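Every chain is named by a letter (A, B, C and D) in the order it is written, and numbering of its residues begins at 1.
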C-alpha cells in the first residue's frame, strides 16, 4: 500500500509545525508549502523528528498567487502521490486596526490569502479526491469567522469569507466522499510570540497547546463518513467563551 | 432647516427604485449612484414622481473602483449637503455555478463589489457622520450572508464578507451615533425578471414587494438610538424559512 | 371602524408600562394582564395618560397557570373586541446562580413562565387571528436566547425555549397573515432598579430607554407583510455587543 | 488501575446500543440506564458482545423523574466506581404535530425528559468529576436545537433548552477539567424504524450509521483538554445540509 500524502499550506512555527509532526507520526508523507523554504524549516524538522514519514518535502508557493498553489499541488501529486489530506493553514496578517483605518490594498491582500488561496488549494486537490471518492480538506480558521470586530476587522472579513467557501464546498462535494472541515480556533495558541503578548496575563493552560490542537485535527480526520463534522470548534478548557 | 440627503449606491430597478421613491416621499433629497446614468433612470423617475424631494440627482461611480465611490460621495456632500442616510445596494453578479467552476477573477470582482465597494462607501461617509454625531448606513444583503451554497457560492462568499464588514463598523462606530445596519433579504423580490424566472411557480404574495421592503427600510431608519437593530431580516409572510 | 385591542401580558413597570403608553398613544385599546392589579398599575396609569385609548382595562392571569391566560384572553376578546396585537412580556426570575445551584422546581417554574405561558397566549389568540387573516404576536426576549450562561443559566434556558416556540409558530402561521416576532433585547433597560444595580457604572445612554424600546416595537408592528422581520434585536448605540 | 465507567442514560436500540458497544470495546465498564430493563436489553447484549468490558450492568431510572436519575447515578458510583463519561441519550417523543396542537402536558413532559432529566444527570455526576478534575458529559441532541419547526415544535423546544443547558454547564465547569459536549445529529439514523419510514426514499448511505456516530463520540471523547469542542455536529457525507 502506498503511503498517504498530507499537504500543509502555511506550514510555519506553531500550528503548522505541530500538524506536520502529528501527521508524520501517523505515517503520512508530508508536503510543506510556504513562500520561502525558511518558513517551513521548523515544520520540516519536526516532521523529520517524528520519525515515521518516509518523505518530508518542501514546495514553494505564495498564497497570494493562486497559480503558484496550483503548481505546487501539481508537483506534489506528481512527485509524492495522491494527496489524502490538505490543510490550508495560511492566514492574513493578524494586525489590529479600527475599521476606518483599513486600506483597500489590505482588504484585497487579506482576501487573497484567506479566500482566494484557500479556493486555489481546493480547486487543485478536489478533482482527484472526487475521482478517488475520498480525501480530506481542512481549513484552519478562528472565531473571527463568526463575528465582526471593532479591532480586527480584516481578520473577521477574511475568516467569514473562508467559512462561506468551506460551507459551499462541503455542500457541493461531501457527497463525493471528500471531508471538508472549517476548523475554528476559539483561543490563542500557546506559542512564544503569544506568551510574550500575554506577559503577566500568561498562565499555564490559558492558551491552546499546538500539539493538542493538532491532535484534535487528527481525531477529526478519523471520523467515518456517515458521521462527519463539517465545522469544528476548538478551545482550551479554561476559555471563557462567548459564542 | 436644510433638507436631508439620502444616497443610494446601486440604484437600479427593483429595490433601488423603490428605496429612492420611498425616501423621496419622506422629503429626502436623493442622490443616485450607479455606473451609468441609464442604470439609475428608473429610480430617478420614481424619486421625481414621489413629488416631495427638492432635488434628485445622479452621480457616476463604479462599485468595482473604490476611488470613484469616494469621488461621487465627495461631490454629493459638496453639492447637495450632508448625507443623512447611505444605502449600499450594489451587488455582485447573482449567477449560479458550482464552487469548482468559480474563477479567481470572479472571486475578486465579486469581493470588490460586495465588500471593498461597501467599505469605500463607509469610509467616505462615516467621518462626517461621526463628526455630526448622527447618520445611517444600511447595507442591502441576503440570507446568503448566513450560509454557504453549493449553487451560489460567489454570492455567499460576498455576503458573508459584507456582514463581517457591517458588524465591524457597527461595533466600532455605533457609539458615535451612526446607525449601521445589515439588511438581510430572506426571499426573492417581486420584480419582472423574478416573475419570469418563477414561471408557473409564481403566485401573488410569494415574493417580497420592493415597495414593502423599502417601507421596512424606512421603519428601521426611524428607530431611536437607544433601541437600534444592527441586523434586520426581511421576508414575506409566505416564506418557508429555514433560518 | 372599531378600535383595535393591544393586549400586554406582563405589564409591569419598565417595558410593560412603556408599551402600554406607546400603543395607547396610537389609538389602541389596551388590555393589561398580570397576576395582581397592582402589578399593572403603573402601565394602567401610563396608558390612561397617553390619552388616546378609549379603553384601558386590567385582567388577572398567572403566567404560571396557562388556563388563566386562556380565560383572560377569552374575556378580553369578548368584552373589548378582537385582539390585533398581543405582546407576551412576562418573564421568569432573573436571578444569578451557577448552573449546579438550579433547583428542579426553579427549572420547571421558569419554563412555565417563559415557554408554557407564552404558548398559552399564542394558543388563545392565534385561531382568531388566523381566521381574520391578520394580527401580531410579539415575544419580549433577550440575548440570553442566543447563548448559555455560567451565571444566569435559568434565564438562558427559558429564552432559548421561547425562541424555539416563536420560530415554530412563525414558520407554521405567518402564511395565515399573523406576524410573529421574537424581540431580543441585547442590553439592560434604563429603569430605576437597573440604575441602582449599575451604581457608579451608570451613565446616560448606556442602557436602553424603555420608551425607545417601545418605539421600536411600534415600528416593527408597522412592517408590511411582504417584508416582515421574525426576529428583531434591540440595543442602545453605546452597547459593546458580542453577538 | 481501576476500570473507567461509562454511563448511558437512554440506552435503547440504535444509538444507545452502538455507544454501549463502542465504549465497551475500549475497555470501559458500562452502566445502562433506562426506565425498564427491556429498554436496555439490546445495548446490554451489544456491550457484552463487545467483549472488553469487565462489567455491564443495568440500572432503572425514569428520565421524567429527576430523583430517580440521582439515585441511579449514586448506585453506579458506589457499586461500579467513578463515572468517567456520562452520555445523556434520552429524548422526548419525536412525534409530528403543528404548534397549535401541542398540549401543555406534552410541553411539560418533553421538557422534563430533554432538559430537567439532563440537568439531573449533570447534577449527579459533576461534583465528583470536578473534584477529580476530569470527566466527560455528552448530550445527544439534534439540528432541532438550532431552529424552530412548523412540524416538530416540541422537539425543537426541548433541544433548544438542552443546548442552553449544555452551554451553561460548559461555560461554568470546563475550567474544572470536565468536558461538556452538545452532540448535534444533523440527520436521521440508519435503524430499522427509519428505513421503514423512508420506504422508497431509502438508499444506502443517506442515513447515519449508528456505529459511525458512536465512533465520532469516541473520537470526540479523546480530545485533549486544551483543544476541546463543546458543540459537535454529525452528518453523513450525503446530507444536503441547510445549516
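Couple of notes before you dig in:
FYI, contacts are C-beta pairs under 8 Å (C-beta built on N, C-alpha and C of every residue); 3 or more make two chains touch, one makes a residue touch a chain.
Nothing here was measured: the structure is a model prediction, and the numbers come from that model.
The chains that touch both chain C and chain D are A, B.
Interface comparison, A-D versus B-D: the higher count of C-beta contacts falls to A-D. Most remote from chain D, judged by the distance between CA-atom centroids, is B. Note: centroid distance chain A to chain B, computed from Cα atoms, is 34 Å. Rounded to whole angstrom, the centroid-to-centroid distance between chain A and chain D, based on C-alpha atoms, equals 31 Å. With centres taken as mean Cα positions, chain D sits 45 Å from chain B. Residue positions 147, 170-171 of chain C each touch two or more of the other chains. On chain C, the positions that touch chain A within their shared complex are 147, 242-243.
Only residues 66, 98-100, 102, 104, 107-108, 111-112, 115-116, 119-120, 122-123, 126-127, 147-150, 153, 156-157, 159-161, 163-173 of chain D touch chain C when the two sit together in their complex.
Contacts from chain D toward chain A in the complex involve residues 170-171, 174-175, 177, 179, 190, 205, 207-209, 212-213, 215-216, 219-220, 222-241.
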